[in-house]
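Listed next: structures, encoded as structure tokens.
You will see chain A twice below: alongside chain B first, and alongside chain C after that.
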Partner chain A sequence: MSLLSEDGKKTVLSFGDWVNANSPEIPPEIDYAKGGDPKGPGAHGHDDHGHEDHGHEDHGHDDHGHEEAHGHDGHGHDDAHGHDAHGEHGHEHAHFEPHEIVMPKREKKPKVKREKVQLTGVEHSYRVFAVISGILLALVLLVTVATLPRFGSADAPAVNEVSRRYLEQGLTDTGAVNAVAGIILDYRAFDTLGESVVLFTATVTVIFLLQQSKRKNGEEKTEDEVDVNTGVRSLPAKVIIGITFPFILLYGIYVVLNGHLSPGGGFSGGTILGGGLILCHMVNGERFTERFITVKRCTQIMAAGLFVYIGLKTYSILTGANGAASAIPLGTPGSIFSAGLILPLNICVGLVVACTMYALYNLFTSWRS
Partner chain B sequence: MNLFNNYYELAAVILFAIGLLLLLLQRNLIKKIIGLNIMDTSVFLFLAAKGYIAGAMSPIIRDGQTDASLYINPLPSGLVLTGIVVAVSTTAFALALALRWYQQYHTLDIDGVVLKNVLKGEK
Partner chain C sequence: MNNIPFISIILAMIGSIVALLLGKKPKTALAMTQIILVAIAAMSGMMIPYFLQNGGTITYTLGHFPAPWGNELRFGLLEAILACVFAAVVFLAIIGGKNGIKEDIQSAKQNCYCSLLLLLMLSLLALIYTNDIFTAYVFIEINTIASCGIVMVKESGETLKATIKYLFMSLMASGLFLISIALLYSVTGHLLIPQMSEAIAHLTASGTYIWPLMAAAIMITVSLGVKSAMFPFHTWLPDAHSTATTTSSSILSGVVVKGYIILLIKIYYRVFGIETIRGMGLLHVVFALGIIGMIMGSIFAIREKNLKRMIAYSSVAQIGYIYAGIGVGTWAGLSAALFHMIIHAFTKPLLFSSAGGLIEVSGHSKMIEDMQGAARRNRWAGIGFVIGACSMVGVPLFGGFTSKVYLAMSGQDKSIIFILALALSSCLNAIYYLPVALKIWTKRTEESTAAAEGDVAPADYAVSIGCFSAINIALGVGGFLLVYMLTQGVQIL
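And now, the complex of A and B:
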């Protein structure tokens, strides 16, 4: 992606240009800002080429091989065009016959002018103030760290009666051998419900933000999009993923189901499951994974998981918290069917987390500007 | 003075300062989000370090021994879990907003666009 390659620190799109960027009648001239260019006068020499038509302009700049012109090519266009520019840049260097290369796509979109932004006085003082305040904050925090009790000391104030209560009574209260699982899914289950809702809300918001643009111009297929649909063109990668994918899922399910017995649980196991799905999507492409999971199904699974969580926890709050007899046995500590509701709650959380991970990856990779 | 004995907390503070300065000084939106994530990570490191007790075991009850002095503090682990989930959610939301920003302005430079708007307003 050309997003990160954009060096926003040095060059900036001018205000009028992104307004004009989508209008077809933009004059083909390129105006570079005069002066203030740290890369020397070479970049400005291109003003001579600036009055030719578009295709020649590109070649003229690439022929000279200035990074300035190269970066310029990538920015005014969408991602696919940016990739073209990157790919053919090196090619032109090798042959020095730039006019042979035909890039018809570039003529569609108008050029976007870029100019240097001088640091204004306000911005300069902002940066100085930011550095000073950051260093001051770090110094205050360092003094605090210096007065904290020694790392790993057993008599630190953090080790108080609250944590002792969780460790001493946790096994009889919740039946979970893993004290952390007992805390997050029994004592603080309402908090974990909130976390799962936060994940669900984030996924829904990302769907709302990114699928809107997908609908607008969904018909044009770029090279990236083909890659997303069919995966990588590497047979060894496909074979290795075909072999390991079931085991990744199996390990994720193991971690989810043993959340009350060993380190792990819904969050870590769900992340492993989601990672496996992401790997499968990366290698085999969306056309393969959409047979068994899509973003829509992810949201359905997440909603179902949340509703099951709410239902189970409502029952336990109404009975157990009121001191009434609960039909859910705590079981013998250490066996797989123990710890009351923690096992089903872990499964719900694991489903929510796995679907969040996969849905977010799918949405971000299938997004096109 | 335990500044150099508390090396986990020291690293957390340094990471926090790095993340904060990235957030304040970088003009690229993606780099700002990376700075925010580094700050998140430093807080998790700090919390996880506060829960540790030297020589104690992980908080998984072994052989029915419920003596609290045998195990580390389980509470910070649960809190870090909450923090990680919220950090993932906010990062996803911020990245989606950054993509929409890029779609609108064709640049990730947030300061430049805001500055241009301000300058245009003054003219």
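And now, the complex of A and C:
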């Protein structure tokens, strides 16, 4: 990651190094990355190429789960940092391989003795205060939960005219056999519109953060870039995903389309679709998936889905609020074309969810400094 | 008239999607954003005379299902004023920080920025209008993500660090809010505010489930306190507001934190009922935190050598004024707090826009010591800064003075401490604002005046500074009209 330092000079730092250097809680002279036992390669069974620095970097991140500066490091990022800080060597590790998320090498992780980190008094008191307030909050919440009405009891306040109507008249009101679909996409559809916009917002933010304006297509690919573009080298994985991928998509589409009839709907079906695409991207690489879906396509599909959602819901809300009847028939409950707007809304939500998942995954894995 | 709030939310939503698709045409996206904001401000403004004449509120069913089952919006005079103010501030902040947007954001990403601004606007509108506490949570999520997004747009190390800090604190607060909603739902069985409020009134009368109610009230106060930078939870604010680009700083300090304060007021007055909150002793806590924030925010600001951080710490103090006003717990206190909120919404963006202009002509240094004579190189920024500073200090004829007078008058009933703290905080404000205002107008000794008058500010910038300044002085002189409207507005809250 290249960052502009305060005096405008361009400096290249790894994110982890940078957080270490800037975090006020950590004295700058302590280098977490090098904080491990300096015994070298022997201590790192898996690191047979003898890149001490690299190994230490990884361990620094792993062993310091408690250190707040590293708390946000997901696995995928972790590797990116390792690569970043030591860009000259260590390509043989193929650290960008998506299957790294499984972290098979981590089993051999040796116990590394750590130096005690010196903390000043203020930092100590912050930590003590954080622990105490965390425990207090947990206790207060536990006590509060204990005083709540028992879950599922018939005389709880939540068993009232609201839930009764949802369950008893839901079918005639919304035409949806699945009461949940009726609630989220008809009774309280505005909230669900908001939720879809939350996903949209998240995607916009991540695109903003991670999208590179120009992919360096003309430039020579480095080794791990080739890796990420062609996926894993394991044949069984490719065969298995080749067989299951169509079925995953089909199942996702089924869950989306059947949302008003059976448990499921846009959110769960969209997650299945998105998960299938992510699996395909993991195994076959971006070279393969970019033939049918790219981040740009994702944003276009999302935009289309949201437009349709907004259009349909605006119609239904404007008619409802101004006392006009909706012209959309509810159909026969139980048949696939029933429940009014719920089916198209489910499709829109499914598209938005699937595209959000895939776009986020793609942006995070294909990010280069 | 009925449909205006819903249409403005949907308009911003459509705009944000279209802006994302306009990747190749950042200028079109920016222009569209401005048009939409003006349209929202104008539509909301149209509602003000309507409500002044007819009074009352309108409840708007979102869909075919009425209150306890479907979602609702509810709006009256207060909501109309706030929506109009917020949209206007966002619009003026954009044109006041256009240079910053062009410099700080890659042109390929400017459309994303427009998209985020509109998402922020729609979430604020929904927070103002909603009559359903879960809808509030959904739009808090949008607001949180979008505001973190507009902090990090500058893509430098310090903004990313500030964003992470902001994101963590903000997400913790969102979590607390969601837990509180779950608690409230399980003891009341409702999510819509009027029904929930009725159920809470029954519960407090019969004395059942007091503990969950109290836990929920405390957690909501803490969570919205974190998000609106109430004093002990303000630590994210100076970083986030000072490192972001000018427009983002203006919008974050001008409107985003205010959206949460309004939600808190709504929850206090409409969900729990102010007497219940008073009975729990929360008003005293809010009042005390407000007073401490007023003093401490100013003290932190005095220590700052970085202009934008100084202005950001000043926000902590100003938010303290607002909370102290809410903590008074009377209609007068509430309307004074809302009036101060509106004054601050117009003043802080003015200060940030001016600071942005001053920083541009001082070799992009944010340090106060490098700013000598900066106002002579960018006169609009200099004038804007002086007006903003006078308003924040509380010089008569400027907005800040009027709002402080109303706050002091409302505080008479509460305690003499409020008035003393107001006086002390105003003095502290003067200690840090006036030296800067003098410094930027002082000639550089080593430089001739002719060489210094180089940069000409763009017309947009002048319009933004001019509008902010004019509104500030207008509110300072004719503030009683707005206070009259706000007093009417809060009584039907």
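Heads up, the rule we're going with is that the second predicted complex is superposed on the first by the 233 of 369 C-alpha atoms of A that agree within 3 Å, B and C clash if a C-alpha of one lies under 4 Å from a C-alpha of the other, contacts with A are read in each partner's own complex, and residues count from 1 in each chain.
In this section, a contact is a pair of C-beta atoms (placed from the backbone, for glycine too) under 8 Å apart; a residue touches a chain by one contact, two chains touch by 3 or more.
Source: prediction; values computed, not measured.
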Practice problem: Please work out whether A:Ala202 is in contact with chain B alone, chain C alone, both, or neither, and reply first, second, both or neither. | Solution: both
Exercise. State whether A:Ala303 touches chain B only (first), chain C only (second), both chains, or neither.
Key: second
Practice problem: Determine, under the contact definition given at the top, whether A:Ser316 touches first (chain B), second (chain C), both, or neither. | Solution: second
Quiz prompt | Touched partner set for A:Leu360, first chain B, second chain C, both or neither | solution = first
Quiz prompt | Residue contacts on chain A - larger count, chain B or chain C | solution = B
Self-check item: chain B versus chain C as contact partner of A:Leu141, first or second or both or neither
Solution: both
Practice problem: Report for A:Val162: first if it touches chain B alone, second if chain C alone, otherwise both or neither. | Solution: both
Exercise. Jot down the residues of chain A that show up as touching in both complexes, chain B in one and chain C in the other.
Key: 3-4, 6, 8, 13, 18, 141, 147-149, 156, 158-159, 162-163, 166, 188, 191, 195, 198, 201-202, 205, 209, 213
Exercise. Would you mind writing out the residues of chain A in touch with chain B in their complex?
Key: 3-4, 6-9, 12-15, 17-18, 21, 75-76, 112, 117, 120, 123, 127, 130-131, 134-135, 137-138, 141-142, 145-154, 156, 158-159, 162-164, 166-171, 177-180, 183-184, 188, 191-192, 195, 198-199, 201-203, 205-206, 209-210, 213, 261-263, 267, 333, 353, 356, 360, 363-364, 367, 369
Quiz prompt | Touching residues on chain C, where the partner in the complex is chain A | solution = 2-3, 6, 10, 13-14, 16-18, 20-21, 60-65, 68-71, 106, 108-109, 112-113, 115-116, 119, 122, 126, 132, 134-135, 138-139, 141-142, 145-146, 148-149, 152-153, 155-158, 160-161, 164, 168, 179, 183, 185-190, 199, 209, 211-212, 215, 364
Quiz item: Which positions of chain B touch chain A when the two form their complex?
Solution: 1-3, 5-10, 13-14, 16-17, 20-21, 24-30, 49-56, 58-61, 64, 66-69, 71, 73-78, 81-82, 84-86, 88-90, 92-93, 95-97, 99-100, 102-113, 115-117, 119-120
Self-check item: Of chain A, residues touching chain C in the complex
Solution: 3-6, 8, 13, 18-19, 22-23, 72, 140-141, 143-144, 147-149, 156-163, 165-166, 173, 186-191, 194-195, 197-198, 200-202, 204-205, 207-209, 211, 213, 299-300, 303, 306-307, 310, 314, 316-322, 326
